[in-house]
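The following block contains the structure, expressed as structure tokens.
Naming follows writing order (A, B and C), and every chain is counted from residue 1.
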């Protein structure tokens, strides 16, 4: 059922404009190519609006912006809004410094997002639920667990309703909701935490899936999150002797490249509930 | 015959100064090391002229410039011109936004290039032949084919003559000409289109080969383009089960690293003709 | 004995704030994750002091700074000094351009470093011993050898004493000294010179080890340098047919990820002497 969104990405080959950080940008581009999208990175405020106009989706990742890049994000986001393109926000490390709060407040004020996807600490910070200051990684105590799942979904649903967008948390448990319906995903592998950029890659995939299926944003986002988790599992199963975290990263993107719609449907562990 | 230029790169170990984009810069550095050159990346306009003075070639890639980096490119390009160093331009995504047109016009006005290498859409845009707006990737309809090959070579030759430099198109068919003589190359593999940065890596290789053989720029450029294509073939032949686009990227650079001059000579598929 | 510092990194999971170059930043993040640290990259001067306050160590790499990033380095370095956090400097390509001299002088004036680690040409330039202008790579004639080892250690010791910090040289022979005691390390593999960023990765590891063992900075630095060298050896032993420099880079980081404290202790080739 969710495999159909992967099929759409492969047949439509959406161009995705990413304004993202220099740490993981190469992996984001390659994972988008891996899933069948066409990545394009352009940051200069003199061109981001023009570039996004010829794309099918925009991916804004606040990993390491400069003032100029922030201006480029706003220009691109507003043009995408005007054109009705899906726009994804990855609020990297929000909650750790006052500057990150300023950046996210600027973006939320100036742009209407289709989806906001962070790790548990980032999403808690956005929801005003504290969020421990753990740098770019989620703090263990912040993560949704089977025990607090209902409460976490409710809070995320309220945030989604208030912001008028999809809200998603990635981690050992992935959650996504539009404020009415929520999905819980139980795919993935702990080794993903030893690779930089898995969160950035996921945002890149979500933008690709939204670009290919803007008519079904919630389901397309579920499919993208499932694809990342399933790729994490397949990559682990394919590890050979003496391979560590960087080869795991390579196998992860390779798995996205090789995954068929039927693999996604066969492996997805998803549960639908009320938000 | 063209393998001799690879031998020169390996024996002379030219230092190549690249001012390039943050998406693919790491792969550019590693592919230059792979072929036997010594990469150096420095962008600040306060030092680009000094840095390029101790290099043997300059590689300017307009993938994602800032105003400051553009100033750095001009300073480096002019110093390289003064010193008689080869200078390569990769006009990434030119034709997609007015800003890219401004950047390329600035560079062409301020710097004399030894070689300009783009994909088919970029080179068409530069030649005033339209070029579909496809972001960083060439649009299918723009590419040279066996059917329109003669016309494409003629247009490229006219452009080379007008600009006083080598003009090259990379893609399923590679073309390069100095306006008098043209070479058509038929190496490569379709999987290369699923890897970000193959175009950037190729510009990096061309700069390395020009740095090692500035006395024979056309032939050195042919050799660099052939090396990339042959590496794409060898990488594909070496793919193992469950390997996808990122491992293919790794095997591509590995193949450049392991390729001997005789491999290049044995596998090159090149045709010489009038421009 | 030195393996205990690796054990500390794994048990303490120090957060390391890196302000580094865009060429190798992804590898730096992944090698820090590989060894058990938690990387965080943040460059904006509006947040670097805040970000470094929640980290356990700071890694400043002057590979390709902008004016803004340089301001971010100074702000972070001063806050780290106030908080007593270890701060590492990698003076990339110092000696090649006047701008690099300006950058390093600014950093040395504004920040007290715990350790300065460069290649032989960079450290010679800092020590006022010339240093050939070889771009980012050390020039052969600059490197310490068994013949000039005593002199090199003495000069390095004097520099360490004058700067009040650890001074380290990486290369075929690694040296590190606090001005009193020096260690000579003979691990590593020549293939490391065909990979971009091995020096940057090493600085990243040193910062991670210092963040985990600030009470024993000299020994922690020895352990980090040994880990990099041993990983280079293990990676080489694990190379398969048709693998070149990029797969070697992957295997190098993988080896850091898989290395146990007892592997480090079994393989380290270290000699202690007077500086």
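By definition in this document, a residue touches a chain if its C-beta (ideal position, glycine included) is under 8 Å from a C-beta of that chain, and two chains touch if they have at least 3 such contacts.
What you see is a predicted model, and the numbers here were worked out from it, not measured in a lab.
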{"item": "Residue-number overlap at the chain A/chain C interface, same or different (half cut)", "value": "different"}
{"item": "Rotation angle superposing chain B onto its copy chain C by C-alpha atoms, nearest 5 degrees", "value": "120"}
{"item": "Centre-to-centre distance between chain C and chain A (centres being mean Cα positions), rounded to whole Å", "value": "33"}
{"item": "Overlap residues in chain C, where contacts from two or more other chains coincide", "value": "22, 26, 249-250"}
{"item": "Partner chain B, residues of chain C touching it in the complex", "value": "21-24, 26-27, 63-67, 93, 96-100, 102, 133-137, 194-197, 242-247, 249-250"}
{"item": "In the complex, chain B residues that touch chain C", "value": "15, 17, 22, 25-26, 29-30, 33-34, 38-44, 46-47, 50-51, 54-55, 68, 234, 238, 249-251, 253-258"}
